[in-house]
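Shown below is the structure under consideration.
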Amino acid sequence: RIMRPDDANIAGNVHGGTILKMIEEAGAIISTRHCNSQAGEPCVAALARVERTDFLSPMCIGEVANVSAEITYTSRHSVEVQVNVMSENILTGAKKLTNKATLWYVPLSLKNVNKVLEVPPIQYARKEQEDEGKKRYEEQKLDRLETKQRNGDVILPVINPEPHTVGYSQSSLIHLVGPSDCTLLGFVHGGVTMKLMDEVAGIVAARHCKTNIVTASVDAINFHEKIKKGCVITVSGRMTFTSNKSMEIEVFVDADPFVDEPRERYRAVSAFFTYVSLSKEGKPLPVPQLLTETEDEKRRFEEGKGRYLQTKAKRQAQMQQAAQ
Amino acid sequence: RIMRPDDANIAGNVHGGTILKMIEEAGAIISTRHCNSQAGEPCVAALARVERTDFLSPMCIGEVANVSAEITYTSRHSVEVQVNVMSENILTGAKKLTNKATLWYVPLSLKNVNKVLEVPPIQYARKEQEDEGKKRYEEQKLDRLETKQRNGDVILPVINPEPHTVGYSQSSLIHLVGPSDCTLLGFVHGGVTMKLMDEVAGIVAARHCKTNIVTASVDAINFHEKIKKGCVITVSGRMTFTSNKSMEIEVFVDADPFVDEPRERYRAVSAFFTYVSLSKEGKPLPVPQLLTETEDEKRRFEEGKGRYLQTKAKRQAQMQQAAQ
Amino acid sequence: RIMRPDDANIAGNVHGGTILKMIEEAGAIISTRHCNSQAGEPCVAALARVERTDFLSPMCIGEVANVSAEITYTSRHSVEVQVNVMSENILTGAKKLTNKATLWYVPLSLKNVNKVLEVPPIQYARKEQEDEGKKRYEEQKLDRLETKQRNGDVILPVINPEPHTVGYSQSSLIHLVGPSDCTLLGFVHGGVTMKLMDEVAGIVAARHCKTNIVTASVDAINFHEKIKKGCVITVSGRMTFTSNKSMEIEVFVDADPFVDEPRERYRAVSAFFTYVSLSKEGKPLPVPQLLTETEDEKRRFEEGKGRYLQTKAKRQAQMQQAAQ
């Protein structure tokens, strides 16, 4: 679809959140269709996880986004979908790859939302495809377990913070979940949640460096628990790490099922977003360094540095491979 | 209401689709109100057909759209509504007629969506009004039948197409039907469908001529089948004909009731849109000629030429009448 | 326009914020049109103040909102507009008055946004109308000055609050101001701000009493300062007072012009919203009493009680007058 002014920041760059939302809609359609392709209980595919994804080139207002999706692996209860986003300038005809994302869905019964159904298996062209898919499946399963354990953390408010400290830029928003945020089952679309997360992360980044900022990448996002229509969700973000030219922001989504439900507030999603700051000409700018104050902040900074160096090493390895 | 940046293209011209959506909302309100004006089963008016409509002058961001609607004919089971759209520049006070549209609605029971109810008759000031209305009613009925028969056609993807061929500009989008797209009965508003159709047609036109384009007219649109909440709809468009200064694009809407329904994908709507290309000063530009390759494309081009010449002849006849 | 699922809460009642937004759009159109009715510098009317307004009867999904606006007084630099909202059930034809609101607008030059232009005077049918209008004008001017002085107050976060305390239900959201939130001048529409304010107030009320809640009235809202495109706005709300069956919530709007602006965060708007809690049958429910802890909270509770008793006395006086 055509990118509109509301999809973009004041510099005309489309928000990463808008792109994530389109990716998720494509993934949900293809996996729901696949899971209903055999006679059996009707179901809706719910997003369980998005693998780490890089935003390769910015998209602008007036460009057309072409989204294509393909099922690349099925386990007994989950579907792996690969989604590609191309941006097309319809005036010049120029096309660029904007995003490649891998998403995992789980089919939930339309009649009983807590029942996970079986996924019809796909056929692989080569045996290796199945083996590689299985490896990816095992890896993500492990990672999901790990994140779940990290989940007690909360973002506490800070009174009168100094510029460039964690407390200075941390932000949160509340959102009342309405009907058009939800699937047929009455649960929030994963894409809607990711869009709100990107919005908060973007505000944290902009508050920190006070320039035009864009999403560079999103770490793997795990959807631990469903969020129901009528909930209030609190999306909070804090900066965890800065390199010379990038900022890492941790984002939490907490759901508060406050009407007619005895349940407590719970952590539904968490993820790391990486942002870069751009000059008016679109070149990356140096970023003010994050001032860490508490022990926890210092620890999180070191962890963020670890993730940053790991990603950098991976990317260099890929580039060397590509150059050979 | 006031036209906002999201209602318009990058040159500031409001999308034809936004205008069609407002027209349909006005039509649905007046005809639902009329059909419930007598005691009886409560019902909702569903759009069955929009007659050919011309976009007489472009509307811009910041202008106010004034929409007025009037019932002009009733048959036993259908209502004809005439809707006028005026654009008003509230800074200068200037008003212009943007659109005149004629829509046909059918009342469906709120209790049983497959039951068509009877329409309370309206009073005509003069007998001729009733006779003319009846003539329009018979004509549209015939035309509806004809289009239904054409409906098997599909748009197939083309690999590596040449510029200005049909395959080069053809486009499609998919949309998951959400609650706010729907009427009280859980079916997609006709206006929502028309807005998506205009969006796809606009992308086809822009891909073909790579300039700022605006909707000039829409051929009669027949709504053959209802589209239910939860469906995935595929809206596809291809260019069928070019004159010196206009492009005709055929748009199909197919619905895929993929959850909870044993039903096959079906053609719900089809229509022809005409676009013109505008210079930065708003003057019509010459359009690159469409290159037809297959026999089918050549046949459709000739059919499009027929429609073009017919419309041109009608318009000249009207102008001569007006001049007399 | 027709009320959609997205305009309403889960019980189907349309949000007060949606209605306030429609009211403001109608007021902005009529006053911009009036201020440009004489040759002179083109201008856009900016919302300066909304008088206290009561929501007389709830509106539901599927009903049509009819909004009508009339200019009732003009001073040299401001316009008073009276807006009425009727809800119409198009199935039964029943119409009810939902709202009566009075708004004040000020014409700002399109060329220089800091220049307030002169308003063309209207003609009054009777001299008393002008005198009464002048009285209302003087009263609101005084009240605007008073609120401005109260404006230093901020809502501080509370760690681990007890149920029914002020800290327990207080809430805030952040919103990045996008193009479609703005007028031609690039400033946020008053209606957009009021919609966000109602959203936050509603969440505060729901967190406090955990039932279905609806807006009962909004105190006079003063728009002290304009908010520019690209700002981040923080909308925060806290409960100030509870009677047996109503809750008063104070809402602040602060703007953070963080990109490319040397300016500090400033208070743009503040107001009091009153909510009631409804049972499933739509009857008012008793409200849990607010637990005040600090001296400030106790003082604000007493002030709220004062406003509550004053409004109650006024309403009884009106009813007695009406009965005579």
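The chains carry the letters A, B and C, assigned in the order they are written, with residues numbered from 1 in each.
Note that in this section contacts are C-beta pairs under 8 Å (C-beta built on N, C-alpha and C of every residue); 3 or more make two chains touch, one makes a residue touch a chain.
Since the model is a prediction, treat every value here as computed from it, not as a measurement.
When C-beta pairs in contact are tallied for each pair of chains, A-C comes out on top.
Chain B is reached from chain A by a rotation of 120°, derived from superposing Cα atoms (nearest 5). Separating the CA-averaged centres of chain B and chain C is a span of 38 Å. Shared interface positions of chain B, i.e. residues touching 2 or more other chains, are given as 5-6, 179-180.
Taken in their complex, chain B has these residues touching chain C: 1-2, 4-6, 25, 28-29, 32-33, 36-37, 42-44, 61-62, 64, 88, 90-93, 110, 179-180, 184.
Chain C meets chain A in the complex at residues 5-6, 9-10, 156-157, 159, 171-176, 178-180, 199-200, 202-203, 206-207, 210-212, 229-230, 232, 256, 258-260.
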